[in-house]
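Okay, so subunit A shows up in both of these, paired with subunit B first and subunit C after.
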Partner chain A sequence: MSNRDLSFWLFLTPVLLGLSLVVIIPFVYGLVYSFTDWDGLTANVFLGLENYINLFKDSEFINALWFTIKFSVVSVILLNILGLVLALLVTRKIQSSNFLRTIFFMPNLIGGLILGFIWQFIFISVFDDIGKALGISALSGWLSTTNTGFWGLVILMCWQMAGYIMIIYIAYLQNIPSELIEAAEIDGANSWQRFRNITFPLVAPAFTISMFLTLSNSFKIYDQNLSLTDGGPFNSTQMVAMEIVRTAFTENEMAYAQAKGIIFFLIVAIIAITQVYYNKKREVDM
Partner chain B sequence: MKTKRKNILIIELIGLVLGLLWLSPFYLMIANAFKTKREIFEGVLGIPDSFMIDNFIQAFIDLTFLRSLFNSVLITGLSVAVIIIFSSMAGYALARNKSKLSGVLLLIFVSAMLIPFQSVMIPLVSLFGKVEMLNHAGLIFMYLGFGCSLSIFLYHGAMTGISKSLDEAAIIDGANKLQTFWYIIFPLLKPISVTVAILNVIWIWNDYLLPSLVLSESNATIPLKMFFFFGQYTKQWHLALAGLTLAVIPVIVGYFFAQKQIIEGVSDGAVK
Partner chain C sequence: MKAINLYSKGFIAIIMAISLMVGCGSAEEGESASNSEDTITIEIYQGKVEFADQFEALAEKYEENNPNVDIKITSVGGGSDYLGTLKTRFSSGEEPEIFSIAGPSEAEQFEDYLADLSDTEAAGLALEGSLSSVQEGDAVYGLPFNQEGYGLIYNKDVFKQAGIDPREISTYEDLESAVETLDAQKNELGIEEVFAYPAKEKWVGGNHLANVYLAPEFNNNVLEAYNADTVQFNKSDELQKMFDLQTNYSIQPVLSLDYSQQVEEYFSLGQVAMIQQGNWIYPSVEQMDEDFAANNMGIIPIPVEGYEGKLPVGIPNYWAVNNNSNDDVIQASKDFLDWMYTSETGKEAVLSDFNFIPAYEGYDAEKIADPLSKEIYEYSSNGDTIGWVFAGFPSNAWGDIVGANMQKYVGGKMTWEELIQDSIQKWEEGRN
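What follows is the complex of A and B.
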């Protein structure tokens, strides 16, 4: 198929239309509107960088951004540890291996909105009950403070995504030739040495993949935020994605929300480009 | 050897404990969905005495469950079908054309994955609103736009394993390009089609934000309806949990039947 072939273009038309009308054109329009006073229907005044300057003085946006960064860093670390531990566990020769994989992965298939509601019940009612029974007052009043809201979101995220990260690590663990491990065993390496010197270096690529996957997933999180804490108390657990939706559809400041959307894009793009850069570098090293 | 067996036993035990911990949210949801409001107040950990089917009946009615389920199945099914057909065609065309332009087009599709939903949602809704496309058809088209990038990327990668001599043989036999693709190439792409289908079903089935901006409550999907339902029953956990249990059932049933394919598909999608 060459460029002049009609069939080449016919094969591409549906997706080109889809991508342009749904992503590219709205993105370009959005970029242009972010410099105006657009209200969703018309734009009258060109404001230059005013929206962008304002958003850096907007404490609500800055707080949301800061909360998102903290949440992402903690989630990425915990998820990768948990995912690797689960993967190491289920790749051992234990009878329940397949059954456990199924269970650990299950929460990942259910939508964040529904999971958030389920965990709202657990944090509010179940934690309170357990706290009373055991006399631990720290278990009462979850989700009513910023701190418990934060850890609530982290726990939900770990429970939901650890199985996914486990699957990625399993894919790499299974590629390790068993002769390598056996050889090391014969040479007298103990299990920690085998993990440290054979398993760990060989699953390092999985670490890069899962780190960026969890990073961009936690950065873009919305559903769980909405259903678990709804940003409360007093918008203190509101993350960037949710803050943008609120600015747009609750406060109806479309141009301003769009400017936030563009900044959000830049952050996500930087994360992704760093990932591509690292992957390329790694391939060269190997 | 004896210590080794003992080690395995300990690991088996740790696995069991972790597995139960992982399942506990589901247990808590289901157990309390069968309780009365009073029983939940008295304790959430125990198994229910009363087995209140009424909670489920009420939730079933208020969620207009069959209708929401139908909407979810319709939107997910059609969107995924459209994504598979058009993305595989595009992946095929891009892989068989070795020009620079083809490479640039692939790069555009891949780069579009960088754009988060919140950066385009306002102009998107405004644009589709102007042409009165904020409905099921418009939503399916939007899913094609958002879903095609990753799918084309996966199909393009899978095409490298399919020899060009197959195309040539089909053309000599008198098939046109579309026939060649549909009868020869598309069946060979089946494994990757399964991956593409699984990744898109998981995402579209569970999506909340986009349908909430596009659909009205009367033709809502399950997550959207669940949001309205939950708002209605905030302090009444027995009903809210019965509703959540209903919403989870279709996913668990699907997982039960296609478990192996789902785990493989998700693994392929992430690692590639």
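What follows is the complex of A and C.
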């Protein structure tokens, strides 16, 4: 860190410039606007904290926040389990492992909006047809109730992101020295013990990264939400990002939506930072 | 050696930083160059993407005849997105000369920017009542794009086979018995259900259906709705009956049924006999089945007591001219709008290229290309219309709130009384 001379900053200039133009300055603007009655054109009245106070009485926002938290908890757990299982699967010595890696990763390359529409078709039409053919009534009427909407979103999220998380786990799994595993094997550890006591602690850093990625991604999810359920039925599957967009552009309350955005930012930042901090402490250095 | 290294690094960094800034700067130069003294640049920003290509073609024709005018068109689609981007343009100082607004609430938001258009020829020819939501005293702040209308669009073949004459349906009871007749012969007629009601789309219930039963309360006047502090729901029972009829006889589950399924999958493929939609579905149906679109669609009004045989027809969008530019630019903008709606070339394009239902006098109705629009134009020129008041709903997206309440009602989370109560309360909140 001793080389922070002029050239260090000069090299950083383009990036810093870009970052401040598209992230920092708008953020400061937004923060200021959130204390006013800004409608997208003019801000006339300084409201102080009024927007923030109203926000905690806004049942739509609280519902959306609660739904997002439930969704995030479920999808973070499922995604990490799935990602790890897939990674363990494709790091075994099976013939098609490279092919399988590609297949598992592929959903991640399709845009969320398109995925949403594809899965909408699957849930509504394909599920219904299968349900009718097999006489399973639970497969009919997907996305028309809050519960099926919730699980629909979870399934979509897992399907899309599991492959990405898998890649991260693979990277760490392949870094585990085979001596350790062999030594444990000689000492008589069975495969569960080897996984529990050697593999698992050594992939903990991957766990930190994956937790961070899945948590922030499932909190910020918007496009999948928009195309799969569009918040329906009756706005009960509307997540925070979507609620904010709707407040800003449909209800035309720009400043209020901005205040919601700031609160949302704080929540995501706090959760993500605490989470990284705790997981870092638990990691094992080799 | 170290010094050289430092300088070379610094040099590269400076070059990169400069090139970045130059990259930003040159675009501006390019723009100001084209803005030379003799040509007038008119920037148009509008929210109806369906006719963007045809509109640009017409603008090119205008440029040929008026070489000193340069027209730049930006079309942004998708309803709510348009308003947001328009505001961005205004706040960043890149104000368009002509832009589109939808109804009184947007007119009020942009009131500082609206030029008076009452001296244009088009304003004089606009159909009676079509200007009411953008008028203030003698001043006119917008010119209508076109007319649009909605109702129950039916499948002519299915109606004929079932022996139903659509012209005889005028009251709710008529409609109900027609629906029952259709429902009883579903298998013979080869339809799945009578209706496809897309409860997923909040606007279908909250804006369109509710409008039919609320318009009489506001004397069919958008402004009256826009200025109303509360709403009565006098016709709440009728609204409920109509909503129940459509949802009960619809493809299930209605809560996940959306617009494209309703129009493309169910209606245009002949799976249902009727849908509640408007003339805007024509291009989609045409893409699915040209023959069906041209010959097999008809429209009947949604029955409202006291307003039998009247179709809800309204103006979805208005052209507004920005008063924050030079007088000659404002005049040129007005001239272009006038030319578009009053010259022969313009009229021709409005009817046969844009496929608009004209909102101005002096058009030949025979030239309206699609049958739905033709029928709607007939209703409108006979004065058999119900107003569109939903543009005057409170700006907290009240129509969406009603739509969401209707979803709760279908899902059994709300009774009809609670729906009405909550909707009235939200209207009053939206007005404060």
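The working rule: the second predicted complex is superposed on the first by the 259 of 286 C-alpha atoms of A that agree within 3 Å, B and C clash if a C-alpha of one lies under 4 Å from a C-alpha of the other, contacts with A are read in each partner's own complex, and residues count from 1 in each chain.
To be clear about the criterion, a residue touches a chain if its C-beta (ideal position, glycine included) is under 8 Å from a C-beta of that chain, and two chains touch if they have at least 3 such contacts.
Predicted model, so just to flag it, every value in this text is computed and none were measured.
Look at A:145: by the touch rule set out above, it reaches subunit C but stays clear of subunit B. In the superposition on chain A, contact of A:40 is made with both subunit B and subunit C.
Residue contacts after overlaying the shared chain place A:103 against subunit B, while subunit C stays out of touching range. The larger set of touched subunit A residues comes from B, when the choice is between subunit B and subunit C. Of the two partner chains placed by the overlay, neither subunit B nor subunit C lies in contact with A:202.
Touch criterion met: A:11 reaches subunit B and subunit C at once. In the superposition on chain A, A:113 makes contact with subunit B only, not with subunit C. Of the two partner chains placed by the overlay, only subunit C lies in contact with A:252; subunit B stays clear of it. Residue overlap on subunit A between the subunit B contacts of one complex and the subunit C contacts of the other covers 5, 7, 11, 14, 18, 40-41, 248-249, 254.
Against subunit A, the residues of subunit B that register as touching in their complex are 8, 11-12, 14-16, 18-19, 22-23, 25, 28-29, 32, 40, 43-45, 82, 86-87, 89-90, 92-94, 96-97, 99, 101-102, 105, 108-109, 112-124, 126-127, 141-142, 144-146, 148-149, 152, 176-178, 181, 202, 205-209, 213, 223, 226-227, 230, 237, 240-241, 244, 247-248, 251-252, 254-255, 259, 262-263, 266-267, 270-271. Of all the residues in subunit A, the ones that touch subunit B in their complex are 1-3, 5, 7-8, 11-12, 14-16, 18-19, 21-27, 29-30, 33, 40-41, 86, 89-90, 92-97, 99-114, 117-119, 121-122, 125-126, 129-130, 159, 164, 167-168, 170-171, 209, 213, 220, 222-223, 226-227, 240-241, 244-245, 248-249, 254, 257-258, 260-262, 264-265, 268-269, 272-273.
Across the complex, subunit A meets subunit C through its residues 5-7, 10-11, 13-14, 17-18, 39-41, 123-124, 140-145, 230, 232-235, 246, 248-254.
Residues of subunit C touching subunit A in their complex: 6, 9-10, 12-14, 16-17, 20, 80-81, 83-84, 87-88, 90-91, 109-110, 199-200, 252-256, 258, 261, 395-397, 400, 404-405, 407-408, 410-411, 413.
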